[in-house]
Amino acid sequence: MIMTLLRRELKVARRNWIGLAIPLLFFIIVVSLFPFAVSPDAPVLQQLAPGVIWVAALLSMLLSLEQFYRSDYQDGALEQLLLMSSPTMVAASKILAHWLLTGLPLVILSPLLGVLMQINHGVEHSTHTWVLMLSLVLGTPTLCLLGAVGMSLTLAASRNGLLVSILIIPLYVPVLIFGASTVTASLENMRYNGELAILGAFLLITLVFAPFASGRALKISVG
Amino acid sequence: MAKAWRWFHQLGSPKFLFQKTGQWLPWIWAATLILLVVGLYYSLWASPIEVRQGQKHSVRIMYIHVPSAALSMVAYIAMAIAAIVGLVWKMKVAFAVTRSIAPVGAAMTFLALFTGSVWGKPTWGTWWEWDARMTSELLLLFLYLGFIALHASFSDRSKADKASSILAIVGVINIPIIYFSVKWWNTLHQGYSITEKGALNPAFQTPLFIMLAAMYLLFIALVLMRLRAEIILRNQKSRWVAEWALGTSAKGDKS
Amino acid sequence: MSQTSDIQFNGLYAHELTVSRSEQVLLEDAELHLAPSTITYLHGENGAGKTTLMRCLAGLLPADHGEVYWNKLPITHPESNYFQDLIFLAHSLSMKNELSIAENLSFYASLRTKVSLNKQQLQQQISSVLNELGIGGLEDRMFAELSAGQQHKVALARLMLEPAKIWILDEPFVNLDHKTRGWLSEKALAFKQQGGTVLFTSHHHIEELPIDQSVGVEHE
């Protein structure tokens, strides 16, 4: 099930790449606004970098949620999937595919944003960039999982778009706190293992309940 | 045990619940009013203030603030429990309960934030501080508003009930996570702490407990009133509602 | 709570079924039996709840009351195998615009069968079914590029590519030319002869397809 669906998602994404590229472009553009608004000074940008990049990543994930279940819901593919497999399985496969198509590119692009925000200012090594990527690797799947729950709840709702943001932004706050502070800790030359471990713990917790909750919500939306 | 089960099932009947709550409500309101009057008298006039310790009259806001903050959390948990009952045992009345709690809980959360803010101005010199508890309360308010918004955006009520119930359950799993994250974040940034040592003084305890009881009762009374309206709305096509509306069925009908 | 032993019918059996949509009760305490080797025609006015009933029988919509059984077991029972035996073709065609015809069809076929299919064999099967339907050679066209009638034919091709014991078809004859109507009727009859159960809705009477049972849903 997972592999078959994954292959299909990748094929669809390849032919509909613009829909996936827009949230990524948004990610870059939002970050590049900050030097204009605040200051192009490297130390200032460096201090803002963790927060700015993480908030931009979070907003970009929110934007890409629109691509999540929506088209499958509208063309009826979702109900066919639910007939052929358990709802939790459908949700889990979709979430994995969605993360590979939105979260992973974000992680890969993040060093570029690190450069824009002068994250390695004043140091010779590139540890900060690696920590940023690591925090996003552990954090974005959690955002994806929670977003899946929000998205599947609002599929059948008449007003959507911004509704899903209102529902899940409060749930995103812990990930944001620990994601940004992982990078901040690294910038301040402090240990960041603890923050990373907590991000990992969040991921495990959401991994347990989010596919199930999203699956139940899909059943309700389709029914 | 068997009796408890029967009672549980009877509560699942909208008609039974409507009649019972109709009988209870006057008593609950009476108790609420008495406790509120006594509690407010104690807390606003009769309780001592230790001016020597630099306390101001603004500390009296705590008598409203603490109960409303406690209720805001309890209400969300109650809403999530009702959501679980509704989803697992397919008890439709439970959904009406979640829908009735949400606005009252949101109001309590708002009250807690508002009183906290009013108290913060003379105490800290600022209306808003990114204190751990205040921040958590703010996020809790967003969770309530999200629940209400989600419920309102479905045209099909049974879908609205089920979807928003799932949201309530997901939210309740997240509340402790949010709370501890915010607390950790807050200590990192070394903000203020509002641990009110004076509140442990026995002279403060009595009025606080009375106010806690009064606010809990007020909450229950408000939720039950909303619940009764919700039951009527949801069962408008049933015969007993028509009979009740026309006054043909006597109060406390035994049938 | 529901007893499983009291249903002694093979095929699909709906017991004391109550279905509602947007708080409007469409069906109350209905009994419905779709035996193996039968074709059932479901008719009724627009908005009477044909689609809702079908979705309920397909297990997509929870019933307010009652239960649907497949070979004496509730359809949600893990041993009933209902969802492996069922093909439900809804109004929406469930095909991806971004995929080609062959990709769309092989996606569902490979989801359905647990054993990994021989890819070439599947492609061959797809080609021959498309040929029968008069859209041969279009395998690699994107689904979005087809006309409405052609798209509908692609959805019908699933019936030939996925093994099943019951078909639930919502308006399968709509948008079809005369020739394809004949093709579908012929396939449905063949399916019936092999012990299959068919339930379908249609606006008009279909002359080509002899029916064994006719069920009406009425507005109150």
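Note that the chains are named A, B and C in the order they appear, and that numbering of residues resets to 1 at the start of each chain.
Just so it is clear, a residue touches a chain if its C-beta (ideal position, glycine included) is under 8 Å from a C-beta of that chain, and two chains touch if they have at least 3 such contacts.
Source: prediction; values computed, not measured.
Chemist: Comparing the two chain pairs, does A-C have more C-beta contacts than B-C, or is it the other way round?
Modeler: More contacting C-beta pairs are found at A-C.
Chemist: Which chain has its C-alpha centroid farthest away from the centroid of chain B?
Modeler: Between chain B and every other chain, the largest centroid distance is to C.
Chemist: For chain A and chain B, let me know how many angstrom lie between their CA-based centres, rounded off.
Modeler: Comparing mean C-alpha positions, chain B is 33 Å from chain A.
Chemist: Starting from the mean Cα coordinates of chain B and chain C, work out the distance between those two points in Å.
Modeler: The mean C-alpha positions of chain B and chain C differ by 48 Å.
Chemist: Express in whole angstrom the distance between the two chain centres, defined as the mean CA positions of chain A and chain C.
Modeler: Spacing between the chain centres: roughly 37 Å.
Chemist: Any chance you could list the residues of chain B touching two or more other chains?
Modeler: If we look for residues of chain B contacting two or more partner chains, we find 155-156.
Chemist: If you look at chain A, which of its residues touch at least two other chains?
Modeler: 223
Chemist: Under the definition above, what is the set of chain C residues touching chain A in their complex?
Modeler: Touch list, chain C to chain A: 55, 58-62, 83, 86, 88, 90-99, 103, 107-108, 110-112, 142.
Chemist: Looking at the complex, which residues from chain B come into contact with chain C?
Modeler: Those residues of chain B that touch chain C are 155-158.
Chemist: Quick one: in the complex, what on chain C touches chain B?
Modeler: My answer: residues 21-23.
Chemist: Could you pull out which chain B residues touch chain A in their complex?
Modeler: 87, 139-140, 142-143, 145-146, 149-150, 153-156, 159, 162-164, 166-167, 169-171, 173-174, 177-178, 181-182, 184-185, 188
Chemist: Quick check: in the complex, which residue numbers of chain A touch chain C?
Modeler: Residues 1, 4-5, 8, 11-12, 15-16, 71, 74-77, 79-85, 222-223.
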